[in-house]
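Labels run A, B and C following the written order; every chain starts at residue 1.
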Amino acid sequence: MKHQGKCAVEEPQIIIDVGDGAAIPKPSDKGLVSAWRLSFAGALLVLGYLLVFHPDPYLRIFKFIPDGILITFQVTVCSIALALVFGLITGLGRISRNKYVNLVASTYVEIVRGVPLLVQLFYIYYALGRIVHVPDLLAAVLSMSVCYGAYMGEVFRAGILAIPTGQTEAARSLGFSRTQTMYYVVLPQAWRTILPPVGNEFIALLKDTSLVSILGVADLLRRGREFASESFLYFETFTMVAVVYLIITLVLSKLVSIMEERLSHHVKR
Amino acid sequence: MVKNFVLALMLVAMTASPTLAKTIVFATDATWPPMEFVGPDKKITGLAVDLMEAAGKEAGFTPEFKAVAWDGIFAGLASGKYDAICSSVTITDERKAAMDFSTPYMQVKQALVIPKKSDAKCIENMKGKTLGAQISTTGHFAVKKSEGVKDKSYDEVGLAFEDLFNGRIDGVVCDDPVAKLYALKKDNYKDAMKIACIIPADDEMYGVAVKKGDKETLALINKGLEAVKKKGIEKEILTKWLGTAE
Amino acid sequence: MSNDNPIIRITDVSKYFDTVAALTHVSLDIGQGEKVVIIGPSGSGKSTLLRTINRLEDISTGRIVVDGFDLDDKTVDINKVRMEVGMVFQSFNLFPHKTVLQNLTLAPIKLKGMSEKEADVMARQLLDKVGILEKADVFPAKLSGGQQQRVAIARALAMSPKIMLFDEPTSALDPEMIGEVLDVMVKLAREGMTMVCVTHEMGFAREVADRIVFMDEGQILEIATPAQFYTNPQHPRTQKFLEQIL
């Protein structure tokens, strides 16, 4: 008759699905022909084939873009790190009991969500330029993080709210302060619900870094455009650029899935 | 209903209006003042536009301008999206291999613009510095050719000037008419920038590009350009836009 | 038990959730080492009363003093008070991301600055006491409800509280597991712990309680010893309630 006892401690099974990135492989996709494996093997094959059998122009293109790949990589990693910080602060701000903190965080999210990323990039890049002299790479990273910080803030908020209040009450009744409760009890649990959607954001962010090429940041896309507009080899160049993006994206999505598995491992029953 | 019908008729009449003149669609990256740019009335205007209009009158064609981003402008010509490119295209051997060019209509040089407070003389003093230019323009090529200088390419030259103004890059290289306009005439910039030098190189010629083998279009444009030059109309236009006629 | 120097002093407390009165003018003193069982129909305010004692709920009016600390006093660090007041919930609320042992050691290490070793030794003693030592390194999700609730009691005890609050600790359990949890509670009572328990377990109340408090509609209607309460209830609503549950 009283069976709710066992359900009461079930971990929250909230799935927050925000995907517009490459699918993050799930443990259930372990089979030899998962979509991830197929795309990854395919991309590598295409790359290898083009480089070996059509070194002209593909090898030339491939030699032209490495510094672009490095920039794309740098912008992505730095933006992810910073966006996580912004996201956490925003997420906490959005659930804050302080009226003003809450209002500031919500307004930030509202504004960022209402303005296209490309416009934000231009705006932050050039507006910032008028006020302080920040180097272009940093400006690009800041712009990306400000935008993705807001998106991630929403994910953090949802993830934190998904933790049952009983957890907070248990921690508070032991004597943990609000902050300690968040740090020791809520966030470590929230991570598990948060990571899949945040992983999606990572991948979306990686792809969106291509927008910074518009600011003249010499990323993968810009290097490709430079090569193409100089050599008139548009098709070949963008084939190469697309394949390289795909490979990077697939690697990142694999990393995220490994992280997810790690994180969920110790609570598996 | 009737109203709509009349409207539709008018539209058809307009597009099919029996001007005997052939319409030539020119692609232009209208971000290159004073050569070609979008004016306050949102129409594409500039020296090159005036020139083509004058040439059209002489040779009997109607020029129509279409705004296209620079880094895809040659691809669009190859795929037949427009008849010609009139967008301050410098005639180079590489480009000649890919398309045909009209007789040159203007001679330009590459100018280096730097902050007013900089004491660099020319591009050889810019080692270790970053110079901006519009993507795949001859200015961009000049930067890439200079050893020890880092290049940064932009979709539009105006963005390069803004970055120079904001201190993110150390100089901009572009065609001299454009450099003069930005560095000497624009309100904010003219107090902050100067033209350091003209980068020594072979003279550059602007030409109108047409699809390889498009003799008909090329002949019309050449005919118009020649007449404009002969009648002195070209001088008028140059004086109007550049202040001088050479 | 003597109420001369009560460790919990609840004076004329009312609590409103918006307009809903959960408690109205409740007063209750609880002595050091006393065991009080709170009984009453669902929604009568038992949980709310219990939760005001460690200020999981703020009160609207009245005054609560716990171990000399006035809970409404702004200078009182509520976290310090909470360290002295352990609480056990109906739904256990173990930390699922920590092992059983870590559930016990987390608070003493972080809040009392206990060394990991010390905390480990202490936690194992407590787990032994509640009869679950062999599960020390297991995650809570692997335990049965009864085992989880015993861990939850041990977790509260790990802070060496002076007072223990129990909010229907056996209501969420399968019947066969109720006994193991009550056994632990009885043991605790024998050691002299001050306990306030919301529970309908009559056997437990008879065996352990010094006083039984009957609540209905946010008020305390009757306070009596177990013998009096079950055999000779005074208030008509107590009588009615007992008729229903017996």
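The rule is simple: a residue touches a chain if its C-beta (ideal position, glycine included) is under 8 Å from a C-beta of that chain, and two chains touch if they have at least 3 such contacts.
Heads up on the chains, UniProt names are A = Putative glutamine transport system permease protein GlnP; B = Transporter substrate-binding domain-containing protein; C = ATP-binding cassette domain-containing protein.
For clarity, every value in this text was computed on a predicted model and none was experimentally measured.
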Chain whose Cα centroid lies at the greatest distance from that of subunit C: B
Chain at the geometric heart of the assembly (C-alpha centres): A
Centre-to-centre distance between subunit C and subunit A (centres being mean Cα positions), rounded to whole Å: 45
Euclidean distance of C-alpha centroids - subunit A vs subunit B, Å: 40
Centroid spacing, where centroids are CA-atom means, of subunit B and subunit C in whole angstrom: 82
Subunit C-touching residues of subunit A, taken from the complex the two chains share: 1-6, 8-11, 164, 166-167, 169-177, 180, 184-185, 188-189, 192, 266-267, 269
Residues of subunit A that touch subunit B when the two form their complex: 126, 129-130, 133-136, 139, 214-216, 218, 222, 225-226, 228-230, 232, 234
Complex interface listing, subunit B residues touching subunit A: 70-72, 74-75, 78, 94, 98, 132, 135-136, 140-141, 152-155, 159-160, 162-163, 165-169
Complex interface listing, subunit C residues touching subunit A: 54, 56, 79-80, 82-83, 85-87, 89-97, 106-107, 110-111, 139-142, 145, 148, 152, 155-156, 159, 171-175, 177
